[in-house]
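Letters A, B, C and D mark the chains as written, and numbering starts fresh at 1 in each.
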Amino acid sequence: MSSSPENLTVKVEFSGGLELLFSNKRTHTITLPAHTPSTSTTPTTIRDLVIYLCDELMRDPRRDLFVLDGTVRPGILVLINDADWELEGEDAYEVKNGDSILFVSTLHGG
Amino acid sequence: SPPNRWPLSQDEYKRYGRQLIMPEIGLQGQLRLKNASVLIIGAGGLGCPAAAYLVGAGVGTLGLVDEDVVEHSNLHRQILHSTARVGMSKVDSALVSLQSLNPNVNLVPHHGRLTPETAISTVQPYDIVLDCTDTPASRYLISDTCVLLGKPLVSASALRIDGQLMVLNNPPRSAGDPTGGPCYRCIFPKPPPPESVVTCGDGGILGPVVGTMGVLQALEAIKVLTRASTSENEQPVTEPPTLLIFSAYANPMFRSIRLRARKPKCAACSAHATVTPEALNSGSLDYVQFCGMIDPVNLL
Amino acid sequence: SPPNRWPLSQDEYKRYGRQLIMPEIGLQGQLRLKNASVLIIGAGGLGCPAAAYLVGAGVGTLGLVDEDVVEHSNLHRQILHSTARVGMSKVDSALVSLQSLNPNVNLVPHHGRLTPETAISTVQPYDIVLDCTDTPASRYLISDTCVLLGKPLVSASALRIDGQLMVLNNPPRSAGDPTGGPCYRCIFPKPPPPESVVTCGDGGILGPVVGTMGVLQALEAIKVLTRASTSENEQPVTEPPTLLIFSAYANPMFRSIRLRARKPKCAACSAHATVTPEALNSGSLDYVQFCGMIDPVNLL
Amino acid sequence: MSSSPENLTVKVEFSGGLELLFSNKRTHTITLPAHTPSTSTTPTTIRDLVIYLCDELMRDPRRDLFVLDGTVRPGILVLINDADWELEGEDAYEVKNGDSILFVSTLHGG
């Protein structure tokens, strides 16, 4: 697929306290390879994005507050363009250029 | 009962006039509120404003569950309590304020915490439940109970500068009916790791943040209780399941997220449900262990 | 005053602990709140919840302006009042509840309505104003006064199932400075035709709708009062002007709208302003006539 | 401009009570000519849209609760794609296909 762009630019947002793991910044603009591995023709999925975020963006060492068993930990909702990722194929969803991905930690306080 | 010529008293027409005249409520809606019973679990930062606006609106019966007593550190956000009532049970303290706001409402105190053994008998008499608690264990217990009993559930939570709101099990169809609304387990099948759970005591909470979520819980309950069927036999129209997320310092402050439908393998609301009334009553479902908490479950 | 080793009392640390520990407030933010004075104009459906959460949060001084007495038809939404206090002035009734919530706050009653003759002297001592009134005439008067005195203004309104919220004159720079925030006249240069103005009495109001807007007014006031300067000499960063619109039965319920900057020809906040302290004090600005109202101006 | 579409489809929304003038419906999808008059090459503006709404969509006879002196009456904010219309040129703004136009009546109740 030589016509597809080399990179994707996506908006990544964190809410419900997850922003504390990412330099206390709620909104990030991320550029990442359109294929994973980048030399392959396999489209980059949310699963790949999550690993990318852990490796490249997370400053906090407590990785298991974000990822568990290779995917987003229980208690985090993932919203793709303002819709629950379960409506979009969960972590197999192929990331598109310009997507907005929101990670929300469920809250329990009252 | 046969329709009365004047189904409300003159005092009630005066008191509820401003909401009665709106087409969204009307006399029918006001009578639905008057015939409705609401259970609020947790008399803290969410439960206080939710109870105030539901009692103001004239629900027939309001039950309140809490095991705690009023502390000084509650008063910046738990607006039904008062400095003089520090040390009193939160349920009794809240009832003092609610009674003086609207003596027409039948107020029912439930001292103590909701447990798997008491949940079904406590929730059974009510038409709708508001989850105003503050631990994962109580949230799963309340959701399971509402699914088992067919009650809609207005669930909110808040921490620091963030809040969340969902109307669950709405409409409250039987387990296995995919047209029912999703339950808490549909959205969160597995509990969060205990080390990721932050309480308001540890993380802090801004008063108007939790206050906004509590007032919106009252609103959602009023919407569910007053919605009209288009005909006698038809089901009322319900909104698609939505998560409202609120963040006080974000722009925009509010976002609405479309949620999934019921999960075909949900442990509570699917045809394959393993959460049963027997399991709940017998105490064989240990929510505290399920959620991996070390501390006892505290309702705030 | 020189910094104390313990700038708050032990009771204050306990009472405000849950908000103190958040980075958005902190000890500095709590001290800013303690040193702040807030004027709430209108002790009705907006003013009641706004006052409750500001008093809970520990502002130093809270003033409350209203001319009305409590009526039965207020109680479904004006949660600081009570059935036993029907007939009492709204200001006195609200102060009873606020005093019992937090005795540390200096509460200042202002009986009677704000008029062009009294506006400047009433507003002068306060740091920020909340417009919780319910007529166009009062909204223009309050905005003009805030521009003349350089006070930020948190303005909200509600009717039926809808609510609106804006933070105006924020930052409150002098008239003619285009970096100041827009005022009410920038957004609405001309008043609406009187026949288009619907009151809560005529149109109705759902309690939690106006309640939500009032709680959000308290939140915006806290945000303005506690915001930190990045250095001693620098201006604090302010949000771009936004209108929050709320509609209880819409999906999404909340929307945020980017607003214009100050209007270069604004009658109040531009270099060409015709609204002056002298004009206001002399009574030559007739807001009731400007808005074409037939009835007297009522603050709700 | 023969290449431009003959018609525009826009989303029109009413809030703050204005929906009561339009069959109590908050959201309408409107298709209107791309040029006004339709035989001209003059792009359709918000001013033209407002007249179109009065003529074609409004069922309530109280036209002056929406329009006064040929434009939207005082006390109504017009939002073009979620931004104040003053940022976009007010009623001279040329309507684009797919635009979302929101009319909000200011409220005074409290």
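The criterion applied here is as follows: a contact is a pair of C-beta atoms (placed from the backbone, for glycine too) under 8 Å apart; a residue touches a chain by one contact, two chains touch by 3 or more.
Just so it is clear, the structure is predicted and the values come from calculations on it, not from any experiment.
Undergrad: Centroid of subunit A to centroid of subunit D, CA atoms only: how many Å?
TA: Roughly 39 Å, centre to centre.
Undergrad: Using mean C-alpha positions as chain centres, tell me how far subunit A is from subunit B in Å, no decimals.
TA: 32
Undergrad: Distance between subunit B and subunit C based on Cα centroids, please, to the nearest Å.
TA: 30
Undergrad: Counting only residues that touch at least 2 other chains, which ones in subunit C make the list?
TA: 160, 200, 203, 205, 255-256
Undergrad: What topology does the chain contact graph adopt: line, ring, star, complete, or other?
TA: Here the contact pattern is a line, an open path with two ends.
Undergrad: Which chain pairs here would you call touching?
TA: According to the stated criterion, the contacting chain pairs are A-B, B-C, C-D.
Undergrad: Taking the touch rule as given, give the residues of subunit B at its contact with subunit C in the complex, in rising order.
TA: Counting only subunit B, the residues touching subunit C are 11, 14-22, 24-25, 49, 52-53, 56-58, 71-73, 75-77, 79, 81-84, 100-103, 160-161, 200-201, 203-209, 211-212, 215-216, 218-219, 222-223, 239-240, 242, 244, 248-249, 251-256.
Undergrad: Show me the residue ranges of subunit A that touch subunit B in the complex, using the header's touch definition.
TA: Where subunit A meets subunit B, its residues are 15-17, 26, 64-65, 68, 73-77, 79, 82-84, 86-87, 102, 104-110.
Undergrad: Note which residues of subunit B are touching subunit A in the complex, please.
TA: Checking each residue of subunit B against subunit A gives 42, 44-47, 132-136, 139, 156-160, 162-164, 187-193, 195-200, 203, 205, 210, 243, 245, 247, 250, 255-260, 263, 300.
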